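Both of the next two complexes hold subunit A, though its partner changes from subunit B to subunit C.
Our next item is the complex of A and B:
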């Protein structure tokens, strides 16, 4: 751009107004395409989805459609299946993420030390991540089937089950079937991210700690853990949101049954929307889940910020 | 109390011999500097003493114990690393007390020792800071503080000043020396900088290719270098090393002939094993060559004329590049006058008592004193 172009002599009119406003607005012009894209693909659908939750919107009753305020949320308060699904979501997410974290951390620590055949072992460890969830769900469903798989027999032999039966058809235990499948499938993610974090810890810190008299446990506690914590919190946050939002393993393995006993919120949303065709109520359920996850994420990010100081 | 002894210590990585046959006794409270070019094995040796590297062969003693199989924390040593290795998530106070906390010492003792180290190093105002908020020199000090707090038997320094700029390096060098006066402990210090070695050491160990070239006081290493390598490594600017030949001087004595230049008579009482018609390396320190009247006290002057090709004034001294026969040598003049300029046919003197001769093939010093 040439400076002479917008002087009075060149344009013949006062450049003052345009000049004063333009610099403040300029960055937004450049950002506009990006913002528009985000709005079209994310914000608008989100707003439309949330707006459904304030409507009576049942597909096969088009004449009854209309705004009904918070009636869907009031119904939700007295819906026993909703509360069961919410409790199940918490149980499902907590156990899945907790075991993924500890087993993933263990694997990362093992893979961080050199040993014979490490490259092969490392790629094997990351394999579950590459298996489609539907496939792994089907596999685990078979594994829990006492007719084709030895697993129920083993569980009975070590005393976890009273007899070799299918836990997926037991209302008290059904959810633990998909939980084990989810743990198995999600460990690699923790292992990969934590291994990357471990490799970024400067080796000489361990040497300094060893000379300072720290035992192996003490250098883990005082060097490794503080370095890993920011990565651990962010990974926990990501995985919690993903796991809480994944109905697929439960869908494949138990279908939410028996008798809704392994139903979690995303499954309930899905069945409400596509079986009962009640989009209004399904949106209310989904909105509640989203708000809870946002609160949780903000809390974790706050904790992470405190750790960084 | 801790002497450190290394007995035929070796370190091999596969077929590569990083350190071999390393024999050294270090006295209690002695300040020993390992010096040598990169890859000479000095850091490896230090890390073996620290317990950070396994020892392939030989024995290392600290005090009354063989420490070969002891982990670093059982050796009662402390170490200052090249890049300080400060714990980034700990404040200065926390990292200073880390070793004592790990040893579960009482809080009052930790506070007292941290305070003592802190005041010794002038870190009082920085205790609440983390390493990211410290300058290079401050980090260096914190790293030394962490080492002092633990009252180790032996202090190990691994190139501690090489990450600092030249001015700060000079200051910290002085501080380390002062610190050693106050905290009398055995110190082993690794550097590739011969100035650090000369200024700090009680004794210098010059290393090359995993072997000891020479062990001696700074004075010995400078004035009677045991080999051509040591002669070229210690001293700045380096010693002039000239490929020369021993000849008869025609009167029954011997002289060392510079190619295309003068034959300098040598003292037969000093260079006993030297015979005529052999190739040698002649070593001449820049400060033992000077224009007539500008040199210091010269014991056995030998005069010759030469052309000054270049003058490099350094303020308190000047380096003259001159032609001695066919070879270029550097001379060093102290308190040069303002009129020093390239000039032909200037009269120079060499101090014949300050000649060094090295065997042409082995590089060893040819001198009775070294035998």
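Our next item is the complex of A and C:
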């Protein structure tokens, strides 16, 4: 429905012809500059990138460049680093997002009730989100270094580590370093979106529930949760995709090591493209990651659609 | 509420606060520690002496002021352009029904799905013939495109929070739609505009990979790249590095602290309407 039509009906004035014709084109006028830029800078390189994955494209062998069909994808199948990186991507994303969700939800619930000093508290607990990602990585890299930080000592004291050592140089534990940094950095984003969703729940629902004798838990279960679910699913989707695609923290903290033990797919793509200079294979890796994320997102949006009914 | 649950709540609040702030506290603590005491005093919570020598070194004898200026230029430029373009997209989503609306929205969601590492090389090949590689303008263009989809989503939510009746009334009084947008809606959108500016500024300030790949000149490098090359050098000087990190943190921290409550407010308004 066009608002322009309402206006004319309400005033009975006859607008200029030019203005009457505008509404059809008008939204595109507002939309075009932004969408055009995104299409050129993101979509065109994406298409080119996907096309690389069907080519033999190794920088130091320019004469061998050419179309090779799905050979790069066939190579993936027997590439052990790929499977390791895929498992690591799942671990990295799952633990990061799960903890961000629960801690972020907890924080949103805390911030939704008034208490002494809440405005200051809120700006302080949201601070990690303002820290540049690479800096969070460096910061946590330093925190895990027993020479300059008490953290390894504390971890040993509570029994998580056998001695105050650096988990980033332990192949079994290295990935948990960047995971902690990611959780630390990402909690505020969940808290912000979920706090906004909490505030939009009509308060009279809780009053009505209280009059009907509902307990706090029942109110939470039957009012808060259903209202939050759409926002929770959309935030989980966005964060999952961002986290799964984000190489910065691992790049800075472990470089994927020791010995590929903390390698996730985006980092493996980066290494393949800029160390091995094999753009074809790197693009095949990236395309697989993208396809998996598209499937995941479609599934989540489908679930969200079902929840809305 | 009983005293026990009250105390329990405060314990939880303090735990959140400690988790959020301890890493940053430690950054500043090392930056303020004199080199001589760094190893001898171990990891005590506060050194027996404080020094600003590390900050002085970073500001006066390292290329950090240049990195700093570059990052400010690139981040502010990106934030300003993204906000204007995203306002257009958000306004169109919020106030119009038009053919292809759903397709455009889906397109914006899809842009969030693909790995950035994939587009670096094609992007380089796209920008190189235009002379945009190794320029700040090139970085701003790339950052703008990559930050726009989420900013448009934010702006959409902020516009949803502003009653349509306001611009309808203005149009009845003879304003064109564009005049109504500029004179009536935008002033009400200031918190939303501020929140989007701050959000994008923070994101642009963080960006590492594109800066790493697109910028090669020392005098055009941004903070992320500069700090990493600092770390890469042999013989890490912890104090100087953390002083540099602390300085890098100040602008986005101030910006984000100022706008965070508008971010919550704007998203709330959008959620009510949606």
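In the analysis below, the second predicted complex is superposed on the first by the 269 of 309 C-alpha atoms of A that agree within 3 Å, B and C clash if a C-alpha of one lies under 4 Å from a C-alpha of the other, contacts with A are read in each partner's own complex, and residues count from 1 in each chain.
Basically, a residue touches a chain if its C-beta (ideal position, glycine included) is under 8 Å from a C-beta of that chain, and two chains touch if they have at least 3 such contacts.
For clarity, every value in this text was computed on a predicted model and none was experimentally measured.
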| item | value |
| --- | --- |
| Contacts of A:214 with subunit B and subunit C, given as first, second, both or neither | first |
| First (subunit B), second (subunit C), both or neither touched by A:204 | first |
| Partner chain(s) touched by A:97 [first = subunit B, second = subunit C, both, neither] | neither |
| Touching partner for A:222 - first (subunit B), second (subunit C), both, neither | first |
| First, second, both or neither for A:148, with subunit B first and subunit C second | second |
| Contact breadth on subunit A, by residue count: subunit C or subunit B | C |
| Touching partner for A:250 - first (subunit B), second (subunit C), both, neither | neither |
| Sites on subunit A touched by subunit C in the complex | 1-4, 6-7, 10-11, 19, 22-24, 26-28, 30-35, 37-46, 48-50, 52, 103, 106-107, 110, 115, 119, 121-136, 138-140, 142-143, 147-150, 153, 184, 187-188, 192-193, 195-197, 199-200, 231, 238, 241-242, 245, 247-248, 251-252, 265-266, 269-270, 273-274, 279, 282-283, 286-287, 289-290, 293-294, 297 |
| For the subunit C and subunit A complex, residues of the former touching the latter | 9, 12-13, 16-17, 19-21, 23-24, 26-27, 30, 38-39, 43, 45, 85-86, 88-89, 91-92, 95-98, 101, 104, 107-123, 125-126, 141-142, 144-146, 148-150, 152, 164, 167-168, 171-172, 176-177, 202, 205-206, 208-209, 213, 223-224, 227-228, 231, 238, 241-242, 245, 248-249, 252-253, 255-257, 260-261, 263-272 |
| Subunit A - residues contacting subunit B, complex | 202, 204-205, 207-215, 218, 222-223, 226-227 |
| Subunit B residues within the subunit A interface of the complex | 50-52, 71-73, 77-79, 81, 83, 85-87, 89, 98-99, 102-103, 146, 150 |
